[in-house]
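Chain IDs A, B, C, D, E and F follow the sequence of writing; residue 1 opens each chain.
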Amino acid sequence: MADRDLPTALDLPMTDPLPAPTQKYFDVCTEKLGMIPNVLRAYAFDIDKLDAFTGMYNNLMLAPSGLSKLEREMIAVVVSSINKCFYCLVAHGAAVRVLSGDPKLGEALVMNYRVADLDGRQRAMLDFTAKMTTASATIEEADRQSLRKVGFTDNDIWDIANVAGFFNMTNRVASATDMRPNDDYHAQGR
Amino acid sequence: MADRDLPTALDLPMTDPLPAPTQKYFDVCTEKLGMIPNVLRAYAFDIDKLDAFTGMYNNLMLAPSGLSKLEREMIAVVVSSINKCFYCLVAHGAAVRVLSGDPKLGEALVMNYRVADLDGRQRAMLDFTAKMTTASATIEEADRQSLRKVGFTDNDIWDIANVAGFFNMTNRVASATDMRPNDDYHAQGR
Amino acid sequence: MADRDLPTALDLPMTDPLPAPTQKYFDVCTEKLGMIPNVLRAYAFDIDKLDAFTGMYNNLMLAPSGLSKLEREMIAVVVSSINKCFYCLVAHGAAVRVLSGDPKLGEALVMNYRVADLDGRQRAMLDFTAKMTTASATIEEADRQSLRKVGFTDNDIWDIANVAGFFNMTNRVASATDMRPNDDYHAQGR
Amino acid sequence: MADRDLPTALDLPMTDPLPAPTQKYFDVCTEKLGMIPNVLRAYAFDIDKLDAFTGMYNNLMLAPSGLSKLEREMIAVVVSSINKCFYCLVAHGAAVRVLSGDPKLGEALVMNYRVADLDGRQRAMLDFTAKMTTASATIEEADRQSLRKVGFTDNDIWDIANVAGFFNMTNRVASATDMRPNDDYHAQGR
Amino acid sequence: MADRDLPTALDLPMTDPLPAPTQKYFDVCTEKLGMIPNVLRAYAFDIDKLDAFTGMYNNLMLAPSGLSKLEREMIAVVVSSINKCFYCLVAHGAAVRVLSGDPKLGEALVMNYRVADLDGRQRAMLDFTAKMTTASATIEEADRQSLRKVGFTDNDIWDIANVAGFFNMTNRVASATDMRPNDDYHAQGR
Amino acid sequence: MADRDLPTALDLPMTDPLPAPTQKYFDVCTEKLGMIPNVLRAYAFDIDKLDAFTGMYNNLMLAPSGLSKLEREMIAVVVSSINKCFYCLVAHGAAVRVLSGDPKLGEALVMNYRVADLDGRQRAMLDFTAKMTTASATIEEADRQSLRKVGFTDNDIWDIANVAGFFNMTNRVASATDMRPNDDYHAQGR
């Protein structure tokens, strides 16, 4: 891929200097992750947009939920596989490998989740995710019922729907702007 | 449609009582719009999720932008038409009719944006929107260039991508949860 | 939409003067509907073609049938929604609103018939209609049987098939010629 | 295929006795074609429906037009190939073989019209036909202009659109009712 | 179709003179089939490639198998119908007609295998074939089980998969190179 | 993924003992690759089928060609990405990483080849490959010409077509039989 200083193909450099809370947030990222994820650098041309994005991202992916953090990352990867989003497959594929300790699981979800070694609950969750991504207008009560049947609560269904929805947004933003992932992801969790 | 007290098919009633700032926000909606949009009632089972959603929504649809509010609503309707999302077509179709004062424009965008009477700038914006919705992985520099050619800045392209992305999220959340729009929308702007 | 004197993008003006029976038919339209539907004006460049079209149209949509006139219009709208035909969605969406007295039903059929409040008979009828429109080559005996199971006779199935078939024709003629509906439809039955 | 006395899977026997003009029409068919095409036998359970069908069919396929009879049959076959309609491919594939005296042309149009040996005019006609069949909502002025550029008049374009539209109707009616072609077609024009 | 001396659109003439074993093989073809199939002439620009192709072809289509030769040809035609490969439809459609003595069966498989008069075993075989061709990534154990249920062994399933796979290769090679079938096929088995 | 002794979901154990030449070939694999690729173990239930497969594979992927070995592996990965074949993506994704020394290139081709950093020649080759995989019947002379324009000879085009065709076969065989890749591939070339 071409060398570029900016995280997307748009000429939208980061706010400079960053406001103190943003700088602090980015410092925490560097410390914990060893990098500032490029998606954050991309939104940082406008701090209000960055805050709105991180507000929703952190609620969906990190707040308490009936879905584990790994399960939320699994949804992210299956959505991104269908939409063929390079950024999200690289970043969230790495997250699945790291959180599961199972590199093959990460690869299977990137390539074709139907071959992954999943229990019935996870398979139902990912089938619902896939249907939301490819044909959301055809979802009916029977689809929600199939999630309840394997033990998901209505609160869990909300979370599945919102995580799957969210990556259908970010996949499209990333592809539309040619957002590129940090190189560091590639080697994580192999 | 079946009578239901809840805005979606999930059993997730609103927080009761609402925290004061939420109650105040809902009072403003009632005053200005004559209703509390059901999407807000749906998220109000969890105030953090509601706040994350409104934070992003208000930034995208109401903050200053090179795109007019009408143009952002036009994007919303074209995305929702492709995804066949009843909630978003009803609510944002009404917004297009009201903001444009042109009911035929609202109908055309709901039904097939290619027949709408658009200038070259708006047509390019909606072609990009449609491609993002149906085949985001095939977007390349030439697609962004076609937006720049009709006068959009890179900041505008960011906004087009993010509004189109956002409704690809909300369409799927609405369809996955069977969210239903307030009846009042149907007669607006006819 | 661009101002145009002609009902389509083709330079095919109406026969002038119209033959007496055609003029009389058009006068009845004006009296009963308040307008001459543009589809009739479009075919009137050739009176034989107009007569062949109205002969089939009137038999299908107005002759006695096990399907009510509303049900036939519902089929028209569902076909047109899948094919995204602006002319037919505007004209027959109005017919559904007027015949049912339920504007929400008209909107739901335009946008996504799966969310409409339908009984089992109507839902089966529209599922068959949708399958005929998107994948007719895959229809088999089981599909016809699903119609018989909810009470349709073989004569009714013939009518469903022929009404659904007819709008798969007119949708394509309207889109291929950029046929535009009369403005009056938009406000009907709201 | 299963032996059946009726031309479709629906239990709709022919009117018996046939009215004199219908009997006479069928006698002419037998004399000229050596058979009564099953599509006519299928509609003959209701003489009004039969007359409406033959009225439109004869106008489209036999009346004077800027399109030759062979060209109209070529459109019929290309539409039917995309829709995979067995009845229409058998009957109109035979017509192309007989009218052209070129069995390979008939086969190529049944299988993939892009490999047929066509001049620019016919190729443009069939490309328009294919687009009408698969994606009519995306047809715009440029598509009509591509027909004018190879010499078609607006009247010809009307005829192309209406013949292509018609077979999008009959294909679906035939598949929805499991209509079967007369065996005699198979050997014609080989 | 344009007259061409070469069997494809690529300028790759046959090795000249042919090695003795190839010449002998071609002489046997001429004797038995009355022609050298053009696919062999196409590969004969490189004898190693020809030998690799005929090695696989002869093993799949002619070696002992739980599938009859006719069944293997039926699979070839169904794959080629979905992929719209002119070469393979002409050549293997002829083979089905000749091997079955039933020209209608050949036509039905070319046009839409769902209308062919098949027993349950053959229908299951062709449904599996069609799914492999259009959506192989969605095949799961239940699909293989549906073959076992109608009597196929695991060895037979291997053969179905490999014949269907093979024509998904040759269809694409033929279309990519514009390979044309020998004229003689058209009249065979009518 | 479930532990299985066999390389596919079919109960087809390897010939035992293996004939001497096969045993020798497998020993060479073990020595050079550190494993016997599961695809070879899968075909080894029938040595004639194994030999036909390896004959074609080795000619296509290893024989002299205007395409480098890396380029042939790139084609393999792009085809497999579209078909979502887990086996082939794992095995040939590893080959791209190893042959190119560029793990990001391997990942990009697995996920979405349009984001990979390719020169014009390779991009044209992979666009042709993608079109062959998704819509081979629409390939025409202009597509072949676009390959010649970037320097490919007709002999190279033959090789592109045959490699792309081959993986459209193996992808389907692997998915149809649930063939699983050796675990060793996952860590190669990271």
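Going forward, a contact is a pair of C-beta atoms (placed from the backbone, for glycine too) under 8 Å apart; a residue touches a chain by one contact, two chains touch by 3 or more.
Note that the structure is predicted; figures quoted are calculated from it, not measured.
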item: When chain C is superposed on chain E by its C-alpha atoms, the rotation angle in degrees, nearest 5; value: 120
item: Inter-centroid spacing, chain C versus chain A (mean Cα positions, whole Å); value: 44
item: Gap in Å, rounded to a whole number, between the CA centres of chain C and chain B; value: 30
item: Multi-chain contact residues (two or more partners), chain B; value: 84-85, 112, 137, 140, 178
item: Touching chain combinations (by label order); value: A-B, A-C, A-E, A-F, B-C, B-D, B-F, C-D, C-E, D-E, D-F, E-F
item: Interface residues, chain E side, partner chain C - complex; value: 112, 114
item: Chain F to chain E touching residues, read off their complex; value: 9-12, 45, 48-49, 51-53, 55-56, 59-60, 63, 83-85, 128, 132-133, 136-137, 139-141, 143-144, 154-155, 157-158, 160-162, 164-166, 168-173, 175-178
item: Contact footprint of chain A on chain F as seen in their complex; value: 1-2, 81, 84-86, 89-90, 103-104, 107-108, 110-112, 115-117, 178, 180, 183, 186-187, 190
item: Residues of chain F that touch chain D when the two form their complex; value: 137-138, 140
